[in-house]
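Listed next: structures, encoded as structure tokens.
In the two assemblies presented below, subunit A is common to both, partnered first by subunit B and then by subunit C.
Right, the complex of A and B next:
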């Protein structure tokens, strides 16, 4: 499938290594996305990678919002793309978070590092349709206070009384008066109604495992804990087998799966 | 709420019988700290254990050239202070309230005396403390992995 051409029309620096890009279609736009879906973003002459869509699903326009962390050649090229740069976009692909699974339930969002990017659309969906959900709790961890994505939005979230925000860092810095510790700490002590909670967890794999195990201990059912898997992708549409994890093709059957399914797969070491 | 009810509400003490919670209540009092109040200093003799109900306590250490460095924070439902249990009973780290904090303070001299006198009380206390220490160890190990680091950077931790 050929990528659609999009142009970078906005670039917000989030942290020392991450930016949020606004992309607008030059011709036909890709179809509307669901929270948790990703696109294959192509940096001309460098390569193509999977990147989650981090925009607001309730905004009806053809622009895409994607947050990119520079870790290697392709992500660096996309990270450095200035307004006016043309990129290729395929998608949206994959099974997303499906926030509707949490209607009339408590929503617990747990993000580690850049894992907040694919979860932002979940939080914005719940806020846009607040009456459909019960409590909304967001727990986010970062290495240092300066490494939180969307810092202005986090300030807005923390000022709301229909959202409980818990931020925690691995290493405190001057002026930080918030929590210092791993995300499992707030998860272990937050007042929860476990049987009525649906959790959406995203971050590095061990962080998702530790968080899911903490939630299981609290009594949240495994099929109510949704996590987003990350595997290197090539085709993005279930044809090349590149992203295989046990019986799953992550691009087609995921990236979001429930922990009842994922627990066993995550314990399989990659060769 | 009575002290008995407050202690019973603490998840960490859920394995203790009502009789033992009653014993614990006799060694417990409610205390509060303003932001900036220090609970204890690093290196001082260790006495006391605080079950945090509201607020936030930072566990810290003085590091030359960096001042006081916060290693971890402890929030509602968590416990600060266990060095009193093991000799030599000295605080390895300091603890300071970083927000207005309400806690239940346990008189650890009394607790030790009860536990030494009656191991059927001492055992669940030791298990509760071990549970807390294990949780703290697991979260510290998770942080040592430095999971959020950029794979392109040199690791901050030696792991």
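Right, the complex of A and C next:
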């Protein structure tokens, strides 16, 4: 339960309320992470929260890349952490996306808002081992064009011919020439090979449900749709009880689960 | 099996203390039987019994000098293996330092079957912390809210004890039948003046413990509870409970297996020194399920459903067993007397289409 000390060595402003921090260990590093896993990040004296890891798993160093959106006291403190700030890190925890489940298959990544953060390692894993996968489709939505994370990287992805990128916004702004609407719209019309597609979906819970239901209607099997659940996490190791969703301890049994397992749980109010 | 008298029990406590243990046992305080340090038989609640009902707990004088014939009190052994509040670590500019562990070895005196089972359940959730020396006591006098016979956790104590006692009061006097369940138990028992028990004495004790199973004040319905709770997620009955439930969380505090905790971060005035503390939490708190933007479970119905469904249902999914050991504490200490066995019966009746009054 004792955090490892990491120091902020880089801080990239992503959006009005989100930054990406580069963290390097002062002493012992935490073990290597799998895409979709999270850490418990501690801001001194303020508290600790679960934050997904958004770095490149193919880069072998001990630095961590984590994107934080300021929505509460702890995430605000982490968001505001200047280079040189020391934070505490525990982890990595949880069951991740397991991109290898999509070997020899089409990979469909669906992200809503900051949901792109835990999915970035999936895209980078596929790009690093491109021969293992068939098509790579990334559908990302944001409320406005200014709210996309990793905008420089999105430009690079859109220029590649081994990745199909679909960006859509809820509200267009001056200069936006792309799509307007929810991610379900491109999902409904994209050419898919449903039986050979594995989808990785992350975003607000309603967005994940509607996306998964759209994909189910298109014939993608429920156990080939993986979503990342969010619940209150205090300990990260299945001992504090906060993150329960029915039978799941989300920190231990998730956060990534198959929609085949999650659908009935998400359909019950206040479960 | 061995037998010894009250002096032998005194020797047993002294042997445990001499062996370096802090001995915890039942004591009478504030009109309740609580768990606290004991140094000998004189500290035990001789001749005190307990009368319980939903929302009610009263001590009464017994007609004998029995030491262990009082059903579960407001505390459980949980508070000693999983403290209500503890410091996890502290941090300064030079790093994080874990809070020192309490090095004292604990010995629990008077652990009933239900509570012995609860210690096992808690250990399988939290992982092996330091294991106490356990002197268990068979139950021959279940209380009005007990239902361990229907949860398979009593009235005789199951495995996991170092010593198991059966308290006997008969025409030969006040004495104890003792069985060692571990090498440690044998070692401590060797320090006690004792004699071998006769076959008749062993048979008599067994008969009384077995008979106690038929005198439980409550019974958990003999159903597949895991399936029932799974199938009852949308039950109307949760709204019925919610009209009575105060969401106070008493049931989770007195439950010997409820393990949920939260953390609290504190600093000194300079901010240079910070600490992280863990304390018990309850799924009845609105903040328990807080995510930015709001809590997942705000209605009382959803919070009671979470507690009951976890205790009897999803505990199986998470830890491979039930979280209920049939001690009845949650019924006694519920301020409005909500009865877990009756609520289960009502859920079962709703599933089967019958209507019952709770």
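Just so we're on the same page, the second predicted complex is superposed on the first by the 270 of 271 C-alpha atoms of A that agree within 3 Å, B and C clash if a C-alpha of one lies under 4 Å from a C-alpha of the other, contacts with A are read in each partner's own complex, and residues count from 1 in each chain.
Following the convention adopted for this analysis, contacts are C-beta pairs under 8 Å (C-beta built on N, C-alpha and C of every residue); 3 or more make two chains touch, one makes a residue touch a chain.
Not measured: the values here are computed from a predicted model.
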- Would subunit B and subunit C fit next to each other on subunit A once aligned, or clash? fit
- Message: Is A:71 touching anything from subunit B or subunit C once the two structures are fitted on A? First, second, both or neither.
- Response: both
- Message: For A:244 in the superposed arrangement: first (subunit B), second (subunit C), both or neither?
- Response: second
- Message: Tell me the contact category for A:181 with respect to subunit B and subunit C: first, second, both or neither.
- Response: first
- Name the contact category of A:88: first (subunit B only), second (subunit C only), both, or neither. second
- Item | subunit B versus subunit C as contact partner of A:194, first or second or both or neither | neither
- Kindly classify A:221 by the partners it touches after superposition: subunit B alone (first), subunit C alone (second), both, or neither? neither
- Is A:141 in contact with subunit B, with subunit C, with both, or with neither (first, second, both, neither)? first
- Roughly what angle, nearest 10 degrees, sits at the C-alpha centre of subunit A between those of subunit B and subunit C? 120
- Message: If we overlay the two complexes on their shared chain A, which of subunit B and subunit C does A:113 touch? Say first, second, both or neither.
- Response: first
- Query: Of the two partner chains, subunit B (first) and subunit C (second), which one does A:3 touch, if any: first, second, both, or neither?
  - Reply: second
- Task: Once the two structures sit on chain A together, report how near the CA atoms of subunit B get to those of subunit C, whole Å.
- Result: 5
- Common interface positions of subunit A, toward subunit B and toward subunit C: 71-72
- Message: Help me check something: in the complex, which residues belonging to subunit A touch subunit B?
- Response: 17, 69-72, 112-114, 141-143, 147, 168, 170, 172, 176-182, 184-186, 188-189, 203-204, 206-207, 210
- Residues of subunit A touching subunit C in the complex: 1-3, 5, 27, 42, 44-48, 71-72, 75, 86, 88, 230-232, 234-235, 238-242, 244, 246-249, 268-271
- Query: Where on subunit C is subunit A touching in the complex?
  - Reply: 88-89, 91, 93, 95-96, 98, 125-127, 233-234, 259-263, 265-267, 271, 274, 276, 281, 283, 288-293, 296-299, 301-302, 306, 309-310, 313-314, 317-318
- Item | Residue ranges of subunit B touching subunit A (in the complex, touch as defined) | 11, 56, 58, 69-73, 75-78, 98-99, 135, 138-140, 142-143, 145-152, 156
